[in-house]
């Protein structure tokens, strides 16, 4: 069975995606919009299921690496070379799980687009998007990789601007594709440097030739790759596209982008820093760690400032990428010090958080999507009380919120715990420079966890709890059955990945120790038991929690009388409660914003209207405007942009419009060349 | 053969006429100078053909005489009368400075360019003709008028042909025919453009002053 | 014998926690020259609340209804891992210090949600403040305990405790720094002075009380009791980890161990009472300074330990 | 024989068109399309015999070698597409009352003559005839560029004429110097052929060849559109009728570049190849950078496409400059660019027909109004800037990779410039295609003639991106030996 999946699963998957894309376009062309949507999503689901079966089989039963042969395309002789190692299999699994859930979720949401947008196009790019993500992971040469990478970027760009009649979306897509192409340019550069010394685009050749590269060029290649990949992963300060693009896309696409697309960058970082360059200097690990620390803490702080639910989630992606980078950076550092066991364990932390974040972020985006769908707005200040109208969705969001806050017994806790362990281990055993950076990483992780919890209390509270604050949320409706299925799947997995951590961690450990270039680990220890005398058992925690809850119930049952319960109004101090008296999302996070004003630079404007003009004793209205400037845009991007614009203006001046000048150019060119030649 | 005294004299006169073109203000004079320059070219080609005994050069001389000395100048003079464009549009830098620039060009040709290729071919006409080429280029750069541009290109062509001839390139009749035809067509097209300018702007020579709108922004 | 100790540990915390609350109140009263209620008054309060009728807001959802169970239940779950009666008497599976911190956070999470659920102004602001403090406390809490973990090479409380029995003298410098950090986190997490006033319903100052303002009857009882559990657990950890002299190491009987532990708890409770009698509550925006102080102390301690 | 057939076809077509009366406008149009088809066929035949037997000699003056056959392949294909597009475009403009019949006839006559000149340039064995043919293309296009008889069109045509004439005269001098060098090395007769030049290239005087090559690269480089001699190019491309712009960009520039490269192949044997390498890479980089900067801030979509052509000539200059693999990749790049750029210009023509403006700011929601042209324009713009799976992606990467060995710093500049180009494209395109379309403009494409060429060229491009016939590879392989 497993062999069957390994043999045919991948091709079936690509076949399904190709068929889905084609059929979608064809049906769309014949005005069968609805059908094209459903068919494309169904085939995307089918393809993802096939990919999942393939990857899980490969993960569990694939003894050796799987190779696929090559054939020429265009001017390229060896374009299609694929290689599936267990790292790739793992990422395919992550991609396909989220793709299944997102596709099932999305298959019902087309009514709002009917007549306005071309659904056939959506299905095409949707399938292309998923297929190219899978391809990114298994490509075994730089050409194919870049091809798939670009395909991923372009397809997702079209998905972002799918609602192209909305001005904001077009702008968001623009920013996204710009940053994305910038990143590609850097990756280009990285591969070109590698090519220069290996003479090949093939990853297998690159892998063995990196050792003989001059140190300077190794570091140049790594730096270029890091910038290129960081821009895709959304590492601060290259994250600015993320909070723009993710909200603009339809929700199940946001789930895919945030849940898995940005992870492909993590995948490639592992390839570069651990697989290609096993001898990378430890400072690369520390750099990644530092980036992770900055991204996680700033990401969560920016998330706190948001009241657009999807932007909030997008900033949490920045934060979680930061956490993943903490693990990855630690892993690279350990590996470069020859601490293979610790390195593998830290990589497990990173991988575990990768899959966890994919699960709960996709879950959150999907449930946020059904909220947005039900209310028609992304503004949390207009929500409120949705838990009564959308009980299922709210439960799903709650699962996601608890998981992403890293609270037991869900999966988020496991990976945060693993990351902490790696960082503490590094603090304990590494040289002093590394110790300090690890300490910073640990500190940021400690604060990030708490702030994330605060942020999701705000998000969940403002969205689902208490009374409705705007008329939009008063008429919300529960998500459709398909949507529920998609969300439920992910929520279940969030729980399972928490409970089953004892099973999953050893599998990931195999990945962590799979890189042949590192000293082989003969016996793979359980990472949950691995470092020092630490101990951790999720089942035990769950038993404890369940016992605690049962005991509580028992206590109440035994001791409490049978008092009557009266349903009444919230205590209102004698005035009539209005929705305006509830705390707002902005108000909730105001204190944290003010505490971190040094980092966030909020602008606060207070305007007060008085009842009596003379004495100013009684205020009539008081308004506080809390503004948050986009620091990265203002301080980094705008100046760079202005610089290019200045250059462009200067270049434009070449075209003076005067014929004599043009002839002068030719004259001068001629003279200059003559002088240069015969100097 | 480029050392034939008559050829050198012709080369010198081509150069001198180029200098003069840079100085004169009237369009009719410009055309007349071009006529003289073409004549010098024809004379040079003829003399070369006699020395060489090559009939190709003789045909070339005859074609030059027909197209460049007779047809083109007559045509342009008629246009000038028709469009009443006797005076040329202004130049960018004044005459003394122009002469200074021309001096620099001449020095460049003699002192820099000629020593490079003198190992290959030694002839006093080479630097003169290079200077003439740069001089016509300078003419086109410096003068704003449409006619000046046209005459500049034609006289550049003269200088190039004479340079090639004095370097010793053999001329075939077919080639000369093609080139002469090219020039004839070119003149016709240029005249067509002059006509369009007259229609669009009401004046041919100052028209380029109005044609500076195609810029970025 | 061991299973008896386990069970005692698990039920010991909820059993004793009201008494500790009463003890602090009593000592506070004495310091303020009042008689004060009996140490056992909290038991009576709880018993009474369990019998009372309840009012639940019409705006509230199941979150409000179930939060008390989760909050209280999570304290019971944490209690499994707390070495109340000595090193053996804690389950290592849940005794990891990070598990402790995050389970505490789980309770706080639902407590804050419940605060927001009724839609009143108090609950919302209480939640906002609570989450602000909780987020900032987490750094100090984790780092104070991580210091000990790094020093002892153990990450469970039981492991730390047994390792600390034989701690060399110079270990007491970082230990005391970590202890100070932990103590500040203790004050913040348990809504104590100078972060919060546990005994007020003055709207401008309250944090914890604001969140549970809408509760009544048995749910209020659970919330209050859970708060007591949490306080006791923090005190026990402080007593066992940061004041690690234990009779078990001295080779005396279990009774002696209990006596020593109670003595330590009393002293800590006395310290809390002393702080509450002598200090005034901090302004909201000065509290972060305190919490960052706690964090920095933890960091300094780690730096001393690992360098 | 096929060579003369190919040369005569456009002349015949021109003659037929020139004498058609008003009622027979259809005949002129069909004549153009049929001639285009015949030319494609003949070009294929020439290519076939070149593959089979190397150089095909027709007379002492005309011969088809691999390079010529390669260029002819895409020249004729683009010519056919442009003929079809011309029919659609001019019909639409006649309907709008912009043009009359006589102008249309004049257009087609010049169109055929233009092609005659290009075929002659590609097929001649003599450098001098090649020069004359390229000069003839300038003359043939002069009136086509100022076709609309507006002041701005006149200005563009005038500048094109003067700048190119000056440039080509310098090129003439360069050509003559090459021949002269050959003459003193023993060749006789004015009609020195490329083959003779190549055969004796090793014995040519290096100093003279250097001088000659400088004149050639500046001269023909003007026609190629290398910065800073490019100044005529954006004006001419933006003011000419769309099919002509597409031909200028897709075919003529390449023809001039091929001329430079043929001289370069000879110069490389006579002197250290580094000389021509530096010159080509230098012009390439300058062109690329300037074009990238101007594209980034461009406000006119036809000019944007024109600068994109300059940018691609820059890339080609770099690729051919580096040589080796990069030269082969460069030839493929030339092919891809030649197929794509007309598509872009045709689409921009459809935009212009719809919006009556070439300002980017005036075009909104094109995807709604022109679903096919809009989509193809977007896709082609991405493809031309090297977004995979476009063939240009592979050629660019190959060129960059080859350049990385010797000129890593230059390649970094190139990468940045390329990123800038794409950024500029995306800025413009997302404004043009998306958003709400103006209310007052009717929806829908103009007529089928304006769509067929776009789609067929795109399909051809896609096919060639993914699959390259063996014969084409061989032609390119042997062509690349002629230019380095």
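For reference, chains read A, B, C and D in written order, and residue numbers begin at 1 within each chain.
By definition in this document, a contact is a pair of C-beta atoms (placed from the backbone, for glycine too) under 8 Å apart; a residue touches a chain by one contact, two chains touch by 3 or more.
Since we're looking at a predicted model, the values are computed, not measured.
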| task | With contacts defined as at the top, give the pair, B-D or A-D, that has more of them. | result | A-D
| remark: Whole-Å distance, C-alpha centre of chain B to that of chain C, is 100
| Inter-chain centre distance, chain B versus chain D - centres from mean C-alpha coordinates, in Å | 30
| query | Between chain A and chain D, what is the separation of their C-alpha centroids in Å? | reply | 44
| said: Based only on mean CA positions, could you tell me how far chain C sits from chain D in angstrom? | reply: 79
| Which residues belonging to chain B are in contact with no fewer than two other chains? | 116, 137, 140, 149, 208, 211-214, 216-217
| said: Using the touch definition from the top, which residues of chain A touch two or more other chains? | reply: 652, 655, 659, 663, 666, 670, 674, 678
| query | For this entry, which pairs of chains touch? | reply | A-B, A-C, A-D, B-D
| task | Provide the residue numbers of chain C that touch chain A in the complex, in ascending order. | result | 47, 50-63, 68-70, 72-81, 91-96, 98-99, 102-103, 105-106, 108-109, 112-113, 116-125, 127-129, 131-132, 134-139, 142-143, 146, 149-150, 153-156, 159, 213-214, 217-218, 221-222, 284-285, 288, 295, 299, 302-303, 306-307
| task | Note which residues of chain D are touching chain B in the complex, please. | result | 128-129, 132, 135-136, 139, 142-143, 146, 149, 151-152, 154-159, 161-162, 165-166, 169, 172-173, 176-177, 179-180, 183-184, 188-191, 205, 207-208, 211, 234-235, 238-239, 294, 297-299, 303
| request: Could you pull out which chain B residues touch chain D in their complex? | output: 56, 116-117, 119-121, 133, 137, 140, 146, 149, 153, 156-157, 160, 163-164, 167-172, 175, 178-179, 182, 185-186, 189-190, 192-193, 196-197, 200-201, 208, 210-214, 216-217
| Residues of chain D touching chain A in the complex | 158-159, 162-163, 166-167, 170, 207, 210-211, 214-215, 217-218, 222, 227-229, 231-232, 234, 275, 279, 289-290, 293-294, 296-297, 328-329, 332, 365, 367, 382, 387-389, 391, 393-395, 397-398, 400-401, 404-405, 408, 411-412, 415-416, 418-420, 422-423, 426-427, 430-431, 433-436, 464-468
| remark: Given the complex, residues on chain B that touch chain A span 92, 108, 112-113, 116, 134, 137-138, 140-144, 149, 208, 211-217
